[in-house]
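For reference, the structure is listed below as structure tokens.
Chain naming follows the written order as A, B, C and D, and within any one chain the residues start at number 1.
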Amino acid sequence: MALINKNAAQISAALVSNKRVGQYHQLIINIGDLAQLCKPGNFVAISVGGETSGMVLRRAFAISRVSTSTTFGGTMELIVAPHGQGSRWLCAQPEGATLNLVVPLGTAFGIPTEPVQVLLVGGGYGSAPLFGLAETLNARGCRVDMLLGASTAGKIYAPMEGKRAVNSLRIYTEDGSMGQMGRVTDPIASLIKDMDIAVIYSCGPMAMLSAINAITSQSDVIHQCAVEESMACGIGICMTCVLPVADETGAVSMLRSCIDGPVMDGAYVQWDKVGQVL
Amino acid sequence: MTSVDLSTTIGNAWFPNPIFTASGCASSGRELAQFFPLNDLGGVVTKSVMSKARTGRPTPRMAETPSGMLNSIGLQGPGIDAFIAKDIPYLIEQKARIIVSIAGETVEEYSTLARKLRSVSGISAIEVNISCPNVENRGMVFACDPDASRRVIDGVRRTIGGELPIIAKLSPDVTDLVSIARGVVDAGADALALINTVLGMVINLDTMRPHLGGKTGGLSGPAIRPIAVRAIYQVHEAMPKVPILGMGGVSNGRDALEMIAAGASGVSIGTASFGNPMALISVAQELKDLLNAKGFTSLRDAIGFAHRIERPQ
Amino acid sequence: MTSVDLSTTIGNAWFPNPIFTASGCASSGRELAQFFPLNDLGGVVTKSVMSKARTGRPTPRMAETPSGMLNSIGLQGPGIDAFIAKDIPYLIEQKARIIVSIAGETVEEYSTLARKLRSVSGISAIEVNISCPNVENRGMVFACDPDASRRVIDGVRRTIGGELPIIAKLSPDVTDLVSIARGVVDAGADALALINTVLGMVINLDTMRPHLGGKTGGLSGPAIRPIAVRAIYQVHEAMPKVPILGMGGVSNGRDALEMIAAGASGVSIGTASFGNPMALISVAQELKDLLNAKGFTSLRDAIGFAHRIERPQ
Amino acid sequence: MALINKNAAQISAALVSNKRVGQYHQLIINIGDLAQLCKPGNFVAISVGGETSGMVLRRAFAISRVSTSTTFGGTMELIVAPHGQGSRWLCAQPEGATLNLVVPLGTAFGIPTEPVQVLLVGGGYGSAPLFGLAETLNARGCRVDMLLGASTAGKIYAPMEGKRAVNSLRIYTEDGSMGQMGRVTDPIASLIKDMDIAVIYSCGPMAMLSAINAITSQSDVIHQCAVEESMACGIGICMTCVLPVADETGAVSMLRSCIDGPVMDGAYVQWDKVGQVL
């Protein structure tokens, strides 16, 4: 376990840029050489509220992309939804503000050794890490298709530059305000049938991940999903972020999504038992 | 800057400094070892272990609250055998001083755990977490029942023999903490750990039901620090010779010194490590600097100091 | 926006909305009347009054703590006669609904206070603050002693007769809150006020002694909200028909709704008014907006809602 | 009582300027028309720490001066020592920040109806309200002399402009780093003897006020002092800020320093009983 977070460090880092993008904020943070150690799927844990804050816990955010060659040195990009107290505080920070981070944390998406065909499925801000992932997969010669979904257009995050690494991108919104009306999971079954998809990479709400898994479990497709459980520590010491996962023998145990995740093999996650007592 | 002797003793166990992990807030140390050497701590208090492996309570298991948090883990863990086989050797290898926390559902289970630990070498002390529901008495928490808490400690004492210090960890959710404390000391506890979490609840307004899977949870963090300081002060006043491992909301050196002045011989850090993985190290350093600034040459002189100093007229 | 019926009842007393001052956090209303009409509140709960005038505890009487504060006022006040002569007429003139809080050092003192209030008109209810030291029993707080708390309420009930609702205000610092609650309800309390402050202490590191003149103090504010919600939930679960006036760290509409969903029929605001003199008004408005947004047409439907809704599967 | 705070209102106000002056910060806050209602001796209560703050109580600050004719509309000046969490947060606020205030609060210094000779004595940031007071007294034709003291030079607040309204100004520091070495209370007894002082106005630490009172109680000089007790609410509802004060009949009661003060007649304050049980 300690091996998983072997690169993690607590640092003070400058917020280089903070831009509104639809209903999200795109934050660029200068993390220096640590950027080289961040892999698609890893997350960062950020202190919120400042020195006299009543919020004692860090907030976790998926690392959307890193850049190791900016004028600022290494940077990382986050896509943050101003949702509750902590994320609103973060989104309100001015450029130049100093943030306290622990990074990089958690597991990364597994990258195929062969140039296979893959499908990336993102829900809401869950699309954030998929663009960095797409670049990596693309560089490996994979054919990368992407489906993004959200309740409404403002919650679709799909930057122009990000699309370069993607072969096709389809967007679904529940209110039809962008792309097709419907759910991002609707086309997956037929895509699996029609194309030779080896791996589905997913990131988004647990219900979406679970729905995707219901489809992949009927097939040979590998499902690598980034789960999102509420986390108190992010570094494996509190046991709050667990979910039931089977091992090869079928024995189910409660694994920590911060250390054994966030990226997990969807086939082993016991989706029907999430939030239940074992 | 002259040096301050930070060493402390709890029962017959000696520690080079008074800063410990809090049980359940550092697992068995491996994850924090990524951030600093475990040997830099006074000691590692391991997550309360039971006799069998347990999967714990349903999620969500935590809720953030103003200057605190609720947790409801339900003592998920590997069980004592796996713990002894895997975690103790790891901690010994790291040269960490080890306090093993045990928890049970019956008086008998605590004794069983003590029996398994008796022959394990490399342990400095046992912390007995009696803030657990007693299945033999309608799930009433041991620590809330003077008689049951006494019987637990008595059983552990008899099983473990006279060597290993026993630290009884008490719950603040009682009418008369001092009498519970007296009871467990009479029954053979060498020291007390104060305080465990305070029972609390958060209602999730989206679902309009209790947020935690287990409904209620334990409140920890700076919010409860004044309760912890009061508990330590009261118990130290009643039993000044019984060492106290203080905890509850300590996140910096001044918080630690507050507990020490109230009567604590050592201080455990729980929730603060969640927000700051280096908290244990920075608390120890800040405490040293503060003691120094106040002219203390030894931690021992500061223990219980608030009881000895008169109000200026 | 459709309108929400915010009215509530506590015993046989009706209030147009469920937001009240907390005893001791609004004096007798005059100072807050500078900021808003007292008639806009559900009611004013006055500072606990004793039979004689009292000067209270030495200063410092307060310490700020993380998301909370400690106070140690010691029931400074004018005594019941001056209170009836000056404060009640003022509140009646303001058309405020009045809940008078009484406090005593003996069971007899509570009855005496009730006798004096019996003939005073314009009072909606009596809140009996039993979180006071009982001088007849080594200063043990009435509310921590099931028998003493029952006797206090019994005395007040007999004296006051059947008309005026009695609200017994309980302390959370007990092992078994539900049994204390049952006891006072059996003895004649129509409703319960939950919770009084939690006993705490802060050590001042400049003087190295307890910061408050009275050493210990009562912890209030958002820090204790999870404890209050748990207390309300537990008691409402055990006695769903007994109205609860909830309090402890409420500072906005969502906090108030949390208490209501847990089982409170009304909500008192204490510490929040210190930080924000308009807190009572903004909480009432936010609560109304929230109920509306959630589709409640009446406050009553939300009371205890968290007990009725099942966990989604 | 309600009459005393009859002008008090809770407002959001912009921080116009924040300058370091010695060991203090001079804050100028735009309070609009409320500036006209502030009298020397009144104070303001300010929320600290921002929206997610763990600090639930306001901090009280003496109003140093008001100006009703600035380009910003009415402003008020505060002199703040960055002491603990709350004041440090306040001193760190950038110009343009919005502050939440309740103002004006408390009693004001009584102004003599005749043009008498007065002595103003300030300790540390306690000098702040004395300059505004000096202007008012000066306008009434009073002869105003001033003594300021502090532990060290950096804690003496004595702005150039402020001195205009003052006939003489003597400074005392305990370490001798500015003015004379010694305590500000040292010369008072002889000044009372040598000059025809009618009123001493004082503001500073309680020990200083008490020492001044020990001197004035031996004389006919009226002692108007601004006390500083720790306050939870600042508006009279919590009873934390009390101190023992006698009335004309000699009966002592615990008065609230936020409502019956901060300016009190020193002769009635029971200095030896402050902090004791009555």
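Everything that follows uses one rule, which is that a residue touches a chain if its C-beta (ideal position, glycine included) is under 8 Å from a C-beta of that chain, and two chains touch if they have at least 3 such contacts.
In UniProt terms, the chains line up like this: A, B, C, D = Unannotated protein.
Bear in mind that the values here come from a model prediction, so they are computed numbers and not experimental data.
Of all chains in the assembly, those touching chain A and also chain C are B, D.
Each of A-B and B-D has its own count of C-beta contacts, and the greater count is at A-B. Centroids of chain C and chain D (each the mean of its C-alpha atoms) stand 35 Å apart. Distance between chain centres (mean CA atoms), chain B to chain D: 46 Å. Separating the centre of chain B from that of chain C, both taken as means of CA atoms, is a distance of 33 Å. Looking at chain D, residues 54-55 sit in touch with two or more other chains.
With touch defined as above, residues shared between interfaces to two or more other chains in chain B number as follows: 66-68, 221-222. A complete topology is adopted by the chain contact network, contact being made between every pair of chains. By the touch criterion given at the top, residues 48-55, 85-86, 89 of chain A touch chain D in their complex. Interface residues of chain C, counted against chain A in their complex, comprise 66-67, 222. Across the interface of their complex, chain C is touched by residues 63, 65-68, 70, 144, 173-176, 198-203, 205, 207-210, 215-217, 219, 221-227, 229-230, 233, 249, 254, 257-258, 261-262, 290, 294, 305-306, 309-312 of chain B.
Those residues of chain B whose C-beta lies close enough to touch chain A in the complex are 24-27, 30-35, 47, 55-62, 64, 66-69, 71, 73, 76, 213, 221-222, 251, 271-278.
Note for the complex: chain D touches chain B at residues 54.
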